[in-house]
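For reference, the structure discussed in these notes is given below.
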Amino acid sequence: GKGEDAPQAAAPAPAVPAKIVVGLDDNFPPMGFRDEKNELVGFDIDMAREAAKRLGIEVEFKPIDWSAKEAELNSKRVDALWNGLTITEERKKNIAFTAPYMENHQIIVVAAASSIQTKAELAGHVVGAQEGSSAVDAIKKEAEVAASLKSLKTFGDNVTALVDLSAGRLDAVVVDEVVGRYLVAKRANDYRVLTDNFGTEDYGVGTRKEDTALNAKLDEVLAAMKQDGTAGRIAMQWFGADIVK
Amino acid sequence: MPSTTNSAAAATRPAMIEARGIVKSFGALRVLDGVSLTLGKGEVVAVIGPSGSGKSTFLRCLNHLETIDAGTVLIEGETLATDEGSGHSRYGSDAEVRRICSKMGMVFQSFNLFPHMTVLQNIIEAPITVKGMARDEILPKAEELLRKVGLLEKRDNYPSRLSGGQKQRVAIARALAMEPDIMLFDEPTSALDPELTGEVLRTMRQLADEHMTMLVVTHEMGFAREVAHRVIFMDQGSIVEEGPAPAFFLAPAHPRTKAFLGQML
Amino acid sequence: MEYALSLVGPLAQGAQVTLTLFFITLGLAVPLGLVLALARVSRWRALSNAVNGYIWLMRGTPLMLQMLFIYFALPFVPVIGVRLPDFPAAVVAFALNYAAYFAEIFRAGILSIDRGQYEGSKVLGMTPLQTLRRIVLPQMVPRILPPLSNETITLVKDTSLIYVLALNDILRVARGIVQRDFTTTPFLVAALFYLLMTLVLTWGFQRLEKHYAKYDQ
Amino acid sequence: MEYALSLVGPLAQGAQVTLTLFFITLGLAVPLGLVLALARVSRWRALSNAVNGYIWLMRGTPLMLQMLFIYFALPFVPVIGVRLPDFPAAVVAFALNYAAYFAEIFRAGILSIDRGQYEGSKVLGMTPLQTLRRIVLPQMVPRILPPLSNETITLVKDTSLIYVLALNDILRVARGIVQRDFTTTPFLVAALFYLLMTLVLTWGFQRLEKHYAKYDQ
Amino acid sequence: MPSTTNSAAAATRPAMIEARGIVKSFGALRVLDGVSLTLGKGEVVAVIGPSGSGKSTFLRCLNHLETIDAGTVLIEGETLATDEGSGHSRYGSDAEVRRICSKMGMVFQSFNLFPHMTVLQNIIEAPITVKGMARDEILPKAEELLRKVGLLEKRDNYPSRLSGGQKQRVAIARALAMEPDIMLFDEPTSALDPELTGEVLRTMRQLADEHMTMLVVTHEMGFAREVAHRVIFMDQGSIVEEGPAPAFFLAPAHPRTKAFLGQML
């Protein structure tokens, strides 16, 4: 193991490596997931491919357990986290982020027949979210809303939370806009998205703090992709709208 | 010293055991081929015969450890199994069978002591669980039985700590503790030395005086001669010859019996 | 170190959920497993086959899926359909699942008893139930202790599956803190909790084994 | 229905990962477990205690944590530290963990053999190894089949824990499709896959039981 | 018909078994209290005595089934155990002990057949595994032994299908298949009927003629009287009296022996 690490440790500011490993949650449509042929596809996949092409480096996608993303990055099993990673102050302590490449809202989903119309009406109700997601952080950030809830239940994934919403045990689910809208679109008759949300966040690509060269290059290339409209085209393909920032 | 008064009395009352035409096969092997036997009250009958002749199987058929294929068994006048000509004799309900069989105690060739109970617990278990006796009630009796078989000082040992002979004596005491009307013994003395065989035989003779009916499979010719009223010789699943004990040994009629007795040392 | 100590409080709350589920499951699955084992060895063919099918179904599918089924799908099943809250749903799934595993262990124990023991009891007039209670079970328990301890210890750790119903067992609490604080220390503290629980169980089972060894050769 | 059939392809790929891990684990854990069981019953106290400690540690902590440890923390341990790729790390964790469980089952089997069998072999001049191979093992196998089948079937389903290393076993593939298509059908199809695998295993174990029943009473 | 020529010859060569001052306790119970015995080549010695007197334990001490607390055991002049006065006698390496003990065959009270092997497999197992013999080599011998004990037709049965008597005969054949120089028997005939006891005794007598040394614990006084050269009477862990077979029975010297023999039927 040691021999492999040595070159990176020895040269403090090296050039961008010839190949990077991108860690992602392959259960995160439409950012990164598997299609019917069991192949990795998604918005972030296409973005990373394009970026790598422009940098002239090779890219490998490695599915990781999203809750172990920091450990994967730290143990150098992956070089970048690129999968709808929300930029937070907490995470900035441990991870270097590129400039935001996309904006995301924490939307509130309720059952189609529900009487709830606003964020304030969540008071006294049971709200669900994905464990460890930025939705949880977003709810907690709004302290008085969080305090007014009957309880906050966190699930292993968003689908379970939405199914429990259908089953009537939950009154609302807070979820990333990108995945939330994707899922709600599949069952448009069952769910409704409120206009209120739990704030706006930025998505960025995460790298190790010491890999400054890689971080800088990614920033450069992402800016270029926005500029020439490539990023917008990719967004159109996955979201039906140019939502890159 | 066989007594004929007991067997004579048996004719007027229902026989303790009445078995007629018992047939039993294991797969293709016909182990019992129409065995009939009547035991009067207080009678002691010894069953002898070569190995594999079906002696153990016969005993096991009498108390429902094996179900018979044909034939009838009556215990003290009550029907345990009736022949129905269907290849399997008919038995009553489980409770009925258990009630009838509870009149018979049995001592096995292989002891079958309960290994998780001490000697004393082995003896008092059935009187307490089955008869619902109080511990205080059965305890003195159990100790007396242990004294009888010479194992009172082993009362708190587990069976695995006993020698073969000791185990068999506990098994006999355990069966007697249920106060059965009839006792079936499958080679009860085969693991006992002569000294203790003597003790057990005294106990058994005493039981006979209390009108205990006994059917004893044994290889001990001495026992058969001295204690039994009647001796039955089995071979290849049939009773070849039977007779009152002394006469049987002095003048066996059948050539097979002659050959068998002739080979004894 | 101070940090690790600060984790003990939240993790102990998680441990409480873990242990509650553990004890309730054990209390339900052991008797149910014994009944299933007896049905499985019974001479009544239809019953034996039905139980065999049940055991196959329960051992044949992941407990996680069974839990999701009871939680989400059972309400829509006619007649038996009930909408259970999360913890009761977990309890039902765990008890039904573990009863199948216990049943197979008990069956092995029952079959390991020498035929002579049944015959010895029978000629003493004992009913099948008395024989079971007084002769078979006491002799069977020491023999099945090792697999039983295996299964029980597995149960302690399987309880963490209730995370799918969003219940906060010890491992889920630990995972939450790991994500919050970006350190793996909570996992180590959780491991210590598990080791402690298993230590108590192992110690208990070894005491039982010693207790029963007294009449063995 | 057509949709369910379209899932068979991807799920079969997941099943391949599941089965590969299953067979490799079995192949490593069974012999290792036997060696551990022999060490555990040996008269050499230090060895027996060391193995006892190992079994406690392995059964005492969740397999998931063990896997995370071998994957993430082992590289930083001096001397034995190696950085294993994901699948080999999972194999090592599974084999070490299951060996502990198998060891306890084997130990129960060894202890169930009558002392007379050892004495009978000894007076015929057989070495302890010959006695083990020719007398103890063949008599032990039928007795431990039920708990062994329990543990083996548990293994089939435990393989799904490799999701923490983001390896795509059958259950993780199913979960991925559930996320993608927002329908629970993939879980049902996955349950059928598990049932099928368990059916084959159960059938195999029952054949073995029948095979060994021939000399039993 | 005891022959004294064999025992006389033994004086010039090393004794087959030489046991001196064997002491063995189980916990507080001193089961053997300084037992000494010398067996010459071809000698047949019968050990009799009441139950629990330590007969089985003595036999088990000779072939390392129990380790002794004090005393010395030599087999054909080779040291199995030497007294070191430390509360435990010293034994050689495992391989050494196994080599020395392999000169003795043993037949148990409880058979100890291998239940997972057929009758034939039980017999050929040790010759093949231990001696490395070829199957073809041992097969005719095994069949001859089975014929000798009258069980050739049961060769492919499993032990659970045999009656007690049949099991014991297989156990004897199994021990003989290893061609030991010395045979130890722990009540070999206790589960056999007289007819088969006769067969086994003929086999044993034939073995004696082939200079087989035999030590036989038995409750069969007939066997002790007719076949043994010498009889040993044990009680409470000690040898109380010993003597040549016929004299021993005609004129026992010790009162304990008299009492024991007097109680025989």
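To keep things simple, chains are lettered A, B, C, D and E as they appear, and every chain counts its residues starting from 1.
By definition in this document, contacts are C-beta pairs under 8 Å (C-beta built on N, C-alpha and C of every residue); 3 or more make two chains touch, one makes a residue touch a chain.
What you see is a predicted model, and the numbers here were worked out from it, not measured in a lab.
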In contact with chain A as well as chain E, sorted by label, we have D
Contact tally winner between A-C and A-D is A-D
Can you tell me which chain lies farthest from chain C, using the average of the Cα atoms as each chain's centre? E
Interchain centroid distance [CA atoms averaged], chain A/chain B, Å: 84
Could you work out how far the Cα centre of chain B sits from that of chain D, in whole Å? 51
Just curious, how far off is chain D from chain C if you go by their C-alpha centres, in Å? 18
Residues in chain C with touches to at least two other chains are numbered 68, 72, 184, 217
Would you pick out the residues of chain A that each touch at least 2 other chains? 71, 163
Contacts with two or more other chains occur in chain E at residues 110
Every touching pair of chains is listed here as A-C, A-D, B-C, B-E, C-D, D-E
Chain C to chain D touching residues, read off their complex: 56-57, 59-65, 68, 72-73, 101, 104-105, 107-108, 112, 115, 143-147, 149-151, 153-154, 157, 160, 171, 184, 187, 190-191, 194-195, 197-199, 202, 217
Touching residues on chain A, where the partner in the complex is chain D: 1, 4, 26-29, 33-34, 36, 38, 62-65, 68, 71, 75, 157-159, 162-163, 183, 186-187
Enumerate the contact residues on chain D facing chain A in the complex. 6, 9-10, 13, 68, 72, 75, 81-83, 163-166, 168, 172-173, 175-182, 184
Chain E residues touching chain B in their complex are 48-52, 56, 109-110, 163-166, 187, 190-198, 201, 219-223, 226, 260-261, 263-265
In the complex, the residues of chain B that touch chain C are 63-65, 98, 101-102, 104-106, 108, 110-117, 125-126, 129-130, 158-160, 174-175, 178
